[in-house]
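Each structure below appears as structure tokens.
Two complexes are shown next, each including subunit A; its partner changes from subunit B in the first to subunit C in the second.
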Partner chain A sequence: MKPFPRFWLVMAIVAVVVALAVVNHALLLDAVSTEAGNRAFAAVFVVRAELPRLAMALVAGAALGLSSALLQRVLRNPLAEPATLGLSAGAQLAMVAATVVLPAAMAYPTAVAFAGAAAAAVLVLAATARRRFEPLSVILTGMMVSLTATAGAAAVILASGDYMTGLFIWGGGDLTQDGWTPTLRLAAILVAAGCGTLLALRPLALLTLGDAEAKAAGLATGTLRLAVIALAVWLAAATTAEIGIVGFIGLAAPLIARLIGVRSSTGRLVAAPLAGALLLSLADGAVQLTGHLTGLRIPTGAATALIGGPLILALVPRIVNLTRPDVLPAAAFLSRRPAGPVLAALAVVLVATVALALTAGRGVDGWHVDAANADWRLARVGLLAAAGALVGMAGTVVQRLTGNPMASPEVLGVGVGAGAGLAAVLVAVPVAGLGMQAAGMLAGAVLTLFALLAFVRRHGFGAERLLIAGIALGALLSSVLTSVIATGSPAGFLLLGWVSGALIEPSWSMATGTAAILAGLTPLVILNARALAILPLGETAARSLGLATARTRAGLVLIAGAATAASTLSIGPMSFIGLIAPHLARSLGLGRPLAHLAGAMLAGAALTIAADWLARMIAFPYQLPLGLFAALIGGGYLAVRFARGARGGA
Partner chain B sequence: MPADPGQPGSAGDALHERRSGVDDNGPDFALDGAGFSAGGRPILRRLSLRLAAGRLHALVGPNGSGKSTFLKLLARQLLPDAGAIRLGDRPLPDFGSRAFAREVAFMPQFTPATDGMTVKELVALGRFAWHGALGRSSPRDRAAVEAAIERCDLVAFARRSVDELSGGERQRAWIAMMLAQESRWLLLDEATSALDVGHQADILDLIAALTRERGVGVVAVLHDINMAARVADEILALDGGNLVFRGDPADVMRPEVLKPLFGPRVDVLPAEGPHPALAYLR
Partner chain C sequence: MQPNRRQFLALTALLAARPARAAGGIAVIDWALLETMLALGVVPAAAAELRQYARVVGEPAVPPGVVDIGLRGNPNLELLSSLAPGLIVISNFYEYRRAAFERIAEVLSLPVYLAGEPCLPLLRRSTLELGRRLGQPRRAEDLVGALEAGIEAVRRIRHPDGRPAMAVNLGDRRHVRLFGDDTLFGGVLTAAGYRNAFADTRYSMTAPAGIEALAREAEAELFVIGPLPPGGTEALAGNALWQALPQVTAGRVRLMPALDHFGGLPTATRFAALIAEGVPAR
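For the complex of A and B:
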């Protein structure tokens, strides 16, 4: 990579930042002085709001840059940063939950955020330890944790009433300041973390060689790694506590450091925070200018995602070594069982779940089991079963076609695409009916799927690139969602419900429609059974065996995308079930493609119905969002996986 | 990547052609100025040569000499950015995916994880090139799978999971899969370098036997020059992306050939009676 003339590039960015600040200042002064006609007030405003905001952008950007540079170094993962690892979302969930449940704890926001971010980090790292923190698996798990935490936060906000939507605006990354305290607090943490980084510089340089070499050179790699990750998590948590989720700054900063020609790894650790500071102030300046000119209040975090999504897409062709084929075989071993009895058992579980959902319920006088309400519950349960089976199918197909057990339908970006389509419809036509909403979601999902296919086609449908491009696309679209939700309009509130997975009112027509889609897609997957057996062996082996991999993958992506779109239309983005159902089927010993598929579909249906039943029962008479329970089940699953992984050893 | 023709008749036609015995040894590989570079650096400089069917070619050379790239070009895993490669009289890009797999099987250096697949299931995947995604598995397919398992001494392991096997057994399972593929060329990229000397010799002897029994052409990247001299019909030495030597094993086992390749400390103990010539480090 040829370095840019770095001095001039940096100078140009600085010039733009300064220019933006000056223009914003002029516009602000204009607005304030015509309204109040008071120059003294304007002066106060500049000192207590405008300057702190600029300072906050610089400090927070630097903190994110440093945090990411540390994470990328220690995990040897070019895509690691607080947002992609789910740290920011974890911090956000912790703060939202604390605000609602335990307001007293919010006297120490950084501590609460740290608890959440650390929990997310532990979850992600523990779940991927057996794959030796393979970069792609870490990112996929991070994305799942992030989606789940976001759905959880949305659910908590929804459950506590609409006056809490402000929390979501903050979650979108808002740099508005009303004093110097938060900036100074974050600056102090940044300085402390900077000192910690300086102490760790030399051991970190050793770590670049690889674990075994660093250990041989007398380094306690485990301790060092833990300490550095803790430092990075602390920085990320503190930043999230002050300004909410601001993604991609961390991704871009180390990259820019490399682009402007900082070669040494130590140099990059210094350059990344500087680049982060400049980038965030640039983005925030642009957001403020947009606000002044159009009156739109876009959260800065949404704007950075808007920049960051394309950035990852641009990087896709250059990304290499995200998987480590040579270290996996021993770790990924799972035994097999005869398919018949296992499938029969799963079917029994599904039938029992259906029976439970149809008959058991809570009334004003406590629990009761009777078939009186079964009739009008049938449509709901049928819809959930069909949608759950679709999610299980999509998950199996995606995991097999990418050969990655950590992949899930979400990586296709289709779910978020449907959400973006819904957002577009709601913004354009606030009174849109259910039909129009469904049409918008469908259009969004289809457009996203084709964008993904068109993009990946140029790179031969490699599994890694498909995953990365899907993640980038998803992040890009979810920033659109966040922006609309953050407007606080009725459309935003509706979207918030959708994000948290609140079920659209089920009807017979929806249930039969979804079941018809399920019936139509299943034979298509079955026709691809042999391809689904071969593709997990990877690109090289599949091509050597004579499989037309590009065409086959494209076809399977379409099938999985259609299944995801159909389920998203009816039950919202069910983050975890598409990941868990195939896993569950596989760990029950179903290894052959068709048995695996059937098992995942049964498990997906049962899990979805169970999650919905729990969501209706736990806080009776209030109905909690389905997504929250899918999230709880998912988080629990990852935790159990961690426990078993720890016992089994790496 | 060209589309698979996918005509129902194509598998049967090829089978028929092969059974008729007209073209017993299959088509030759022909490279016509084929080169490959990555990031502006040439990995393989324009090579023009022919590889005859039915012979075992060993590819040797120091690290970074372009051996693996050469093999991947033959396997169509990489496309040359200069020149062309033909198999018989057809350029490689003209083959459909399955048609090509019926001619050429490729075994990578690292075999992927198989997620609990049994040996028999893995070997049966080799038949994909013949029956395709939808075609029924014919008695002939099943016979080919059985024969491949037997030939590789895996009958006792047929129902075991591939992941449970030892390194040597697993390697044999993958070779059995290539056998079941019944292609006329086998390309092996250091397929034995993770094994101990005894298992290496077993596998290579098996491959050498296959070239004799079935007229299968083999191109194998081998690290161990002594092992290469032991089994190969012909040795090709690459250095810095150039073909620097090509000839009989006996001709390569000379200090003046090996020293430029592997450094001045390499020397050769000449053949004496039953002992073959041996390369060693001084």
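For the complex of A and C:
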């Protein structure tokens, strides 16, 4: 291509950004100064709110673009950026928690945000070190960390009552300004990070040659990677501290860089911040225009997520090497250890958990162990056991289907789809009963599932495509959730509860209904046992063994989706248990499909019941969201396992 | 911070009159109905989210001994059931979980807020109904009368005469919540003869708008319902946008203490008293 049209493409984007700013300015003045008495206010507003906002969009967009470019470069991962790695959500959780628990720390918001983002980065990288930072695994873990941190932040906001209006709004990504300080602060960090990037350019170029060559040339590759990642985390944290979670800007930057013909990787490091600045300005201008014209306040972060979803889908065909052929997970799926004793032990643990949840509780006068409230507890434990087993089943199917032990049902996007359905119902009918809420969730889950199936059908049923499509759908739909939650309306509050995994209402009908779905799906999975044994070996092996992979995969996706949807209806989009339960079963040596499935279902049920019991007991009589404790258990398990794995080198 | 004390003596006297725990025990989930019940002189056996209630509503205070049954949106049903209440009082907000409450005791559900519907008549009806059900019909009428007297006092002292006014809560440095006509505060303003500048705002807990929305009606009186965002009045003093608002420069802003945004008639009466007394302008 000739450079001329590319130049005009950039100019066209710039022109749209400028036009949006001008139109927004006119509409703003019209809205603010209809009366003679407030010309003075309009003048102040333009200087202290409107102009800094325009500048903030540019600076924050550039910071996100640079952060993403650095991460993508170092991790060799085209999908890496602050949102997909969980950095933004980690920073958000840290800031929300600090606001409530340690308000004094919020005098240094960037430091707090950095602590959270760095913790997320460490978690993701530690979890994927053994898979040598394989891009797909990094993104999957990042999404899990992100979901968990979001659930945690939602729980904290819920628990602290209505003090947190600001956090509601900021959580959705908010660029409104009331002065120049935040913009200048972020700009200073951007300049510093830019200098750091310039210093790292040559060593980074060396790194492109390959680790061995770079080491031979005297480069401390580990230190360099760590330093560059720290730089990226710092940028992401500082941006999140100022404007909240604005995702997916970094994904578009390389796409644009490629469109305008930047080929060299150094050139891309320069082009990414510029593209980010333009894109965020574009998104924020569009959001403001929508606000002026319709009165609808869409959080800027929700708008970028809305763009981000399709963007990931568009990027998929261009992406190769999402998985590393030199990482072989299959061995773990082939264990021949006897399953009987392990399954028996898991069953004993489940029975003990059930007994604990049925008999132990707190009342007005302290702890007591008895059979009081047995009918309440039976329905609750029954529902949790069935839902937990469903999550375990979905996790097993997804992990074996994709041959990726970091995959989990949450990343299918079905859970978020259910949430979007719930959001739609609550916005349309604020007084919707439980039945209508469930219907909305079911419709959302089913629609998402079919969208997912339609996409992977068109692009082939490869494991990568499936996971990426799920992540993209999740991002797209989560923007609906974010928008409704950011309104702070009663519907938003209810949704926040659902996101954090607050159990709606354990009734007998729900328990038996969920158990019936479990009973219906289990034989379907068992029928597919052979496929589940073969699929982890990879596409080629599966074909050569005579498996009609496309149809089998479609069937298994449907089963996993149905199981996820059914569990989501009652216990919310529980992060981590769908990942942990199959993981745990496998690490106990349950490698054959049916043993793996049974083990994961037992573990899932026990974990869910335990998480719920803890959630109800710790702050009695205040019942905390179950999702929060599921995340704590799951996060703890992962951290311990990976710490051990890193030391043992296995 | 309690300029309304004096005007409220009557109500406090009502409260102190007979704090007897009703036989069979009453559990209240909704805060508007909780404060109404307390103002009726009936002390429930259990109520929801009392820690937050003490911070946000405060008045009338909940006597010690009332059992806290956890979050309003997610009350501890096991605890509630072990208390074996005779009656559970909920509002339309919690109607969707009615079935669970009915398993424990008889449920009395009274509407307190319906989107788009003026809430004062609704609260008046619900208060009278609650008074009737709790055997305190006279006191319920007194509560209704107290609000009418409070509104009348605003008319007499402030002479609203259709002047524009707005009731807002400051969410953070750059966002405000607007109280439309179907809210408690919007309802009181309209009833007293003000013109609510945000009449058409659809009610929601935090209907957030940019602070610039306040500048649209430069002439309006601005009633700021507490609590203030972190930093309080000091943060407002350093907030250039806030200081530039026409209402602030003209001194037409009244900062009020924390009031329950979903309160009942007692909260409405407090609000009216605060307007009538004319909290110091700033």
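One rule holds in what follows: the second predicted complex is superposed on the first by the 630 of 650 C-alpha atoms of A that agree within 3 Å, B and C clash if a C-alpha of one lies under 4 Å from a C-alpha of the other, contacts with A are read in each partner's own complex, and residues count from 1 in each chain.
By our rule, a residue touches a chain if its C-beta (ideal position, glycine included) is under 8 Å from a C-beta of that chain, and two chains touch if they have at least 3 such contacts.
Quantities reported herein were computed from a predicted structural model and do not represent experimental measurements.
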- Just from the overlay, do subunit B and subunit C fit on subunit A, or is there a clash? fit
- Centroid geometry (CA): angle subunit B/subunit A/subunit C, rounded to a multiple of 10 degrees: 160
- Query: Now for A:Ala531: first (subunit B), second (subunit C), both, or neither, which partner does it touch?
  - Reply: first
- Would you mind checking which one, subunit B or subunit C, touches more residues on subunit A? C
- Query: Thinking of the overlay built on chain A, is A:Ala104 touched by subunit B (first), by subunit C (second), by both, or by neither?
  - Reply: neither
- Query: Counting only touches as set out at the top, which of subunit B and subunit C does A:Leu545 meet: first, second, both, neither?
  - Reply: first
- Message: Contact-wise, after the overlay, does A:Ala454 reach subunit B, subunit C, both or neither (first, second, both, neither)?
- Response: neither
- Task: Figure out whether A:Ala432 sits in contact with subunit B (first) or subunit C (second), or with both, or with neither.
- Result: second
- How far apart, in Å, are the nearest Cα atoms of subunit B and subunit C after the overlay? 44
- Within their complex, state which residues of subunit C touch subunit A. 49, 52, 55-56, 67-71, 73-79, 81-83, 92-93, 95-97, 99-100, 115, 171-175, 177, 204-212, 215-219, 227, 229-230, 239-241, 244-246, 249-250, 261
- Item | Contacting residues of subunit A [partner subunit B, same complex] | 325-326, 328-330, 332-336, 403, 460, 527-528, 530-531, 533-534, 536-538, 540-541, 543-552, 586, 591-592
- For the subunit A and subunit C complex, residues of the former touching the latter: 28, 31-38, 40-42, 44-45, 48-49, 103, 158, 161-163, 165-166, 168-170, 176-179, 297, 361, 363-364, 372-373, 376-377, 430-434, 437, 486-494, 497, 502-503, 505, 507, 616, 620-623
- In the complex with subunit A, residue positions of subunit B that touch it: 1, 3-4, 75-77, 96-102, 104-108, 110-118, 121, 125-126, 128-129, 132-134, 161, 163-164, 181
